[in-house]
Structure formats: structure tokens, C-alpha cells
Amino acid sequence: MVTQLVEPTEKLVYQRPDSLAELYTHYCPGCTHGTAHRLVAEVLDELRLQNDTILVASVGCSVFSYKYFDVDAAEAAHGRACAMATGIKRVHPDKIVFTYQGDGDLASIGLAETMHAAIRGENITVIFINNAIYGMTGGQMAPTTLPGQETTSSPFGRDVRLTGNPIHVAELLAAIPGTAYSVRRSMHDARHVLQAKKAIQTAFTVQQQGLGFSIVELLSSCPTNWKMTPNEALSWVRDNMLPVYPLGDYKVPESLQSTKRGKRD
Amino acid sequence: MATGRIVIDVERCKGCELCLEACPQHVIEMGNFFNGKGYRPAMLVDPRHECTGCALCAVVCPDGCITVYRDVPAPKAQPVLKGVPA
Amino acid sequence: MSKELLKGNIAIAEAAVRAGCEAYFGYPITPQTELLEHMSSRMLELGRVFLQSESEVAAINMVYGAASAGARAMTSSSSPGISLMQEGLSYIVGSEVPAVIVDVVRGGPGLGNIQPSQGDYNQLVKSAGHGDYHPIVLAPANIQEAIDLTVLAFDLADVYRTLVFVVADGTLGQMMEPAELPPMRALRPRPEWALTGKGERPQNIISSIYLSADLLEAFNQKLQAKLALIAQREVRYEAYQLEDAEYVVVAFGTVGRIAKTAVQNLRRQGIAVGLFRPITLWPFPEKQLSELADSGRIKAFLVTEMNAGQMLQDVRLAVGRDVPVHFYGRMGGVVPMPEEIETALAELVNGNGRLPKTILEGKNGHPTR
């Protein structure tokens, strides 16, 4: 018998992760919410966590994230994702519980719930999208809006004398003993996207190891409300957000510090 | 240099052009047609087979519509050794 | 089992434990704090979930999370704390997850005081969150009933996947009397809709969002059908000496108990009075009151509450225009004495169904329409 072997001529290098649902998202073209979703889903796939993960979605542009991820999911009230996640995690300490929240949800209306989840050292992971604006309601000033940035509710530019300065969530939460992991990453180019993914992977690992509260702040774009093309918006993240929001590891558990740390650039 | 190809899910693509900017080989272009959602999707236009399968396009794609393949080099012919006992 | 001397708040807490409450979240507020304190040791002893939250807002959302995760979950608070929870209450109903909440009512508005009150009737029955729904509201009048209704609250919450309130007031929360606790039940298994990690099954989602108007209307119609079923099946009330009564006092909770003493005293004088005590404030025993009014025997109703006349509106709706409905209430944490209710009833009897002018002009009496 003669067997003819056919050599493979190509290999699969990258495909859409299983933890993302097949559904088309409602996000605007070029919105990095989609990128962040993909990264989280890739990490869930790679750590084989899809079947043991519970997502708590928030209110804002990412309100439908509960159906964009193919995992068990809840939709929390505005700002309350960390409280809801606490309830879920306390009932299922052996499951992976994460929230996906924007800056209005987490840093404005939900700051108390977020801070106290960190203070309790709640063993959950928070994916925090900072795009310096309220997206869903149409581009109002967020607590993360840059000084001087024009929004529909700061039409003359954010006046820090009237509204204060942008809130630095990663630094703020790093100061809390219950926080095990707090870093800031960006998604403005491929290299930074890959660094963001690594951080998300570390955050979930922190939770798997039961080390406490973990948060990854992701600098993101909002082309629609910034009134830019998607590529212009990414340049705006690089040129305007990075100087205000330095990337870096603000807190990393000692046991994980041997791994290569993200570069502050 | 490795070679490869990408497959873009044109119905999922929103035509944001982030992959165009990310592609170091400049082999992605916007299609001259509209998909079901009304966007001009990105397309691989690679007549000279310059795509390296680096996947940077997929890394920046917010909609997860790019699948990347890299060519596997054909195995080199094994030299036939004579006079060596089996 | 035998009776033991129990404080109301602690009896409710222990009843919840024995009913299989798996997760408790709460924030201290007088006059319900002993309930939280009891849970803080008891739940941990049993390896269950207890957490003192940073606020009532967080507490209700933790309950929402734990209930979504498939646990029997509860919180307890008092009036201003319940006001803070309103948003979460609505999400719980909108997502159809079961939850039990105990409200040990205190005087309002604002910070008010920590004395007993029934000023939360409207807050619980009429407006416990935005949207078209009522929670089930159970109103015990003594500690035994508080225990029994707490157990029932968990069962009703599960059967209908909805929000159930047990409403007590500071009197019931703080007083002690002999009562019997139920046997310890095993924790119930997780419902199939719960968030447990999807494993090999399709994804479960707990959400209250329906972006399309048609879908949201369809959900609301389903919700209304469920509420109609609850209204049909779950009405509970106490009818005391109503068989031959010509005058009926309508009161709930602690006041119902006080009014019963007044009725007993007047009965001893040969006066045909009775007590109608709603146990479910929602669903309200509307049909039963209506039938009573239609019997042709009742000369007048006297509604008495520790508020300005909140249940009064529901009684009037049920009774209609043919029989006069009068009101006697105390506010601000003042608990009426049996004699006050007795006097109001006696005046009603002497006035042949009308309250005399002196009572009408008094600060607590509301003139009939």
C-alpha cells in the first residue's frame, strides 16, 4: 500500500478567540472597546477559564459586553459592578469573576464600590476602560477628561478650577493594601496592545492565585465623541493621554515580580 | 522572510482602517464595495505575496475579524546517504 | 421544638438562617442593627456568606450579585437605608432574581428618628424602585409571625423569582416575646438560570436591559402576568371578630396588634367591632375588604396607622363610596395606645358611623371625604 503524505503548507497564527461570542458588536468603527474585549477573551482562552468565568458588565458603552463574551454574565446597575461582583465571588470563591467598566461607571458613580472592593481585597479582576469621556451618553465630561479637553458638558474645555483634575485610578487603587495588582496600559498601537494583553493575563493569574484585587486600566480611544478618525484617535491617546496618564506597574505582587515588568513609556 | 496571508471577515469589519496603519507591508487596502452594515471592509491586496503573517493587523483589529496564516516552508529534501548500514 | 424568649430582630435573623439564607449583606442602621449583628456570627459559624458593606447601595447590589449567583440572599435595613437601595430593588425585579429584604421602619422624613413608624408603607408597596411592579410585602404583627413570614418570604421569592419584603417597625424589631423557631433547612440547590460559570451549557445572563421597545413591553407584560398571579394566590390577612361586626378597624403590623386589644375591650362592652389586618400589604386584600363593605352590615371603617394615612388610600379604593372610611393615625415615632383607638372607635359608634367634630379637628384624625 502506498500512502501519500500531504505536507501542510500553512499554519494558523491568529484567530478570533472562543470566549468572544459570534455576535457583531455595536461599538463604533475603531473603538478600542472591541480591542479590549478581544484581549480579555484571548486571555480567558489561553488560561482555559471560559467555562469557569463570570462577567459583571457595567453601564455605559460596554453595557452589552455581557453578550459579547461567551461566559456567564450579569449586567450591573450603573457603578455597582464591583458590589455585584463581590456578591457573586463570595458565593463562588472558586470561579473567576471580573468586571468590565468604563471611566464614568468606575471612576465617577461607582468609585465607592470600586474602592471598597479593593479595600476588602476582594479577589476579583477589574478591566477599566479610560477614554477620557462619557461615550454612551454622547461625549460629556468624565472624571478622567483631560484639562482643557472640550466635551459636550465642558464646551470651553475642562476648567480644573471648576471641575478638578483628572482622576488617576491605577495609582489611587495601588495605594490600597487590598489591591494586589494595579497597572496602566494603552491600546494605541500593536506593541502596546500586546503589553496590555500581558497585563490582563497577569491580572487573571493574580485572581487564580487568590492574591486579591486586580485592576488593569486601559487607555482607550473614542473616535466618535472625540470627533476624529480611528487612527487620529489613537494618535491622540499617544500624544495627549500618555503624558497625563503614565503607563506603568503601580502595584505587582511580589510573587509575580520576577516576570518582566511593563516598561514605563 | 516568512510569508503568509490573512482572511478578513468582511461582514464583521467596520472599515476603521486601524489594520492599514498597523500593516508593515502595506498589503491591506479598503475595499471598493460596501458590506451588509454599510462599511467598506479592509481587504488583503497582495499580488506579490508580501504578507509575512506577522498578525499585527489582527492585534489591533477591534472587531476580531482577521484570521492569520503563515506559510510553512516545504521540508528540504533529505540527502540520501549511501553505504550506511540500516 | 419549644418556645423561647426572642428579640424581634434576632428572631428574624435566625429564621432567615434556618430558611436557608446563604448570603447576607448589610449596613448598620437603627433599629435593625441586631439583625446584622446576629448574622455576623451565625453565618460565619455555618460557613455561609456574611459581609458588612460600605453602604446600603453596595449591600443591595451585593444581594443582587449573590442572588444572580444562585444563592438565597438577603439584606436588612431601616427606612433611609431602604431609600438608598431603590435602584437595586428595581434591577432585582427587572432581572427576575429572588431576594428578601427586611425593613425595620423608623420615623421619617429625612433622618427623622429611630422610633417605630409605618411611614414606609408607600415606599415599599407603591414605589420600591422605578418601573411598573410591586414587591411582595409581608407585615407581621408579632414575633412568631415575623419568624414564619421570614421563612415564607424566601419561598415566595424563589417561586416567583421576585423581591419580597418583610416589614417590621422598631417596636417589633426591639421587643422580646416567646416564639418558636423553625427547624434548620438545608441550603437549596442552585437554580438552573444562575450564574455558576457556564461549563458545557450555553451562557446564562442576568440582565434587566431590553433596548427594543417591543421587547421591553413584552417583558413588562410577562411581569404583569406574574404579578396578577401573585395577587390571585398570595393574599394573606387576619379577620378578627368580623362575623357580626358593624364597625371594622383596619390596621397592619404593630398597630394591628394594638387595635386588637381595643377591639377586645369594646367587645366586652357589647359593641360589635372587629379587626381586619392585612398581612400581605402587597398583594393587598382588596377583594376581601370590598366584600366586607358590600355585606351591608358595616356602618364604618376606621383605618389606623403609624403614619399620615398611607394604607388608608388602599382601603378607600377597596371599600368604595358606600361605607364611610375614617382614619386615626400617629406619626413621628409615636405609638398609639389601645385606648386611643378604642376612643376613636367608640366615638365612631356613638356618632353612628361618623366621627365627632372634636376628633375630626384633632391633629391625627382625617375627615372622611
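All chains are identified by letter, namely A, B and C, in their written order; residue positions are counted from 1 within each chain.
We take it that a contact is a pair of C-beta atoms (placed from the backbone, for glycine too) under 8 Å apart; a residue touches a chain by one contact, two chains touch by 3 or more.
The structure presented is a predicted model; accordingly, all values stated were derived computationally and were not measured.
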Could you tell me the least number of steps, going only between chains that touch, from subunit A to subunit B?
1
Going by CA means, which chain is nearest the middle of everything shown?
A
Just curious, how far off is subunit B from subunit A if you go by their C-alpha centres, in Å?
28
Centre distance in Å when subunit A and subunit C are each reduced to the mean of their C-alpha atoms
42
Distance in whole angstrom between the CA centres of subunit B and subunit C is 65
As the complex stands, subunit B meets subunit A at residues 4-5, 9, 11-12, 14-18, 20-22, 37, 39, 53, 55-56, 58-72, 74-75
Subunit A residues within the subunit C interface of the complex
21, 50-54, 56-57, 63-64, 66-67, 70-77, 80, 83-92, 95-96, 112-113, 116, 119-120
Residue numbers on subunit A that touch subunit B, as the complex places them
7-17, 20, 24-25, 27-35, 37-38, 41, 189-190, 193-194, 223, 229-231, 234
So, in the complex, the side of subunit C touching subunit A is made of residues 22-23, 25, 49, 51, 53-55, 57-59, 61-71, 73, 87-88, 91, 95, 195-200, 203-209
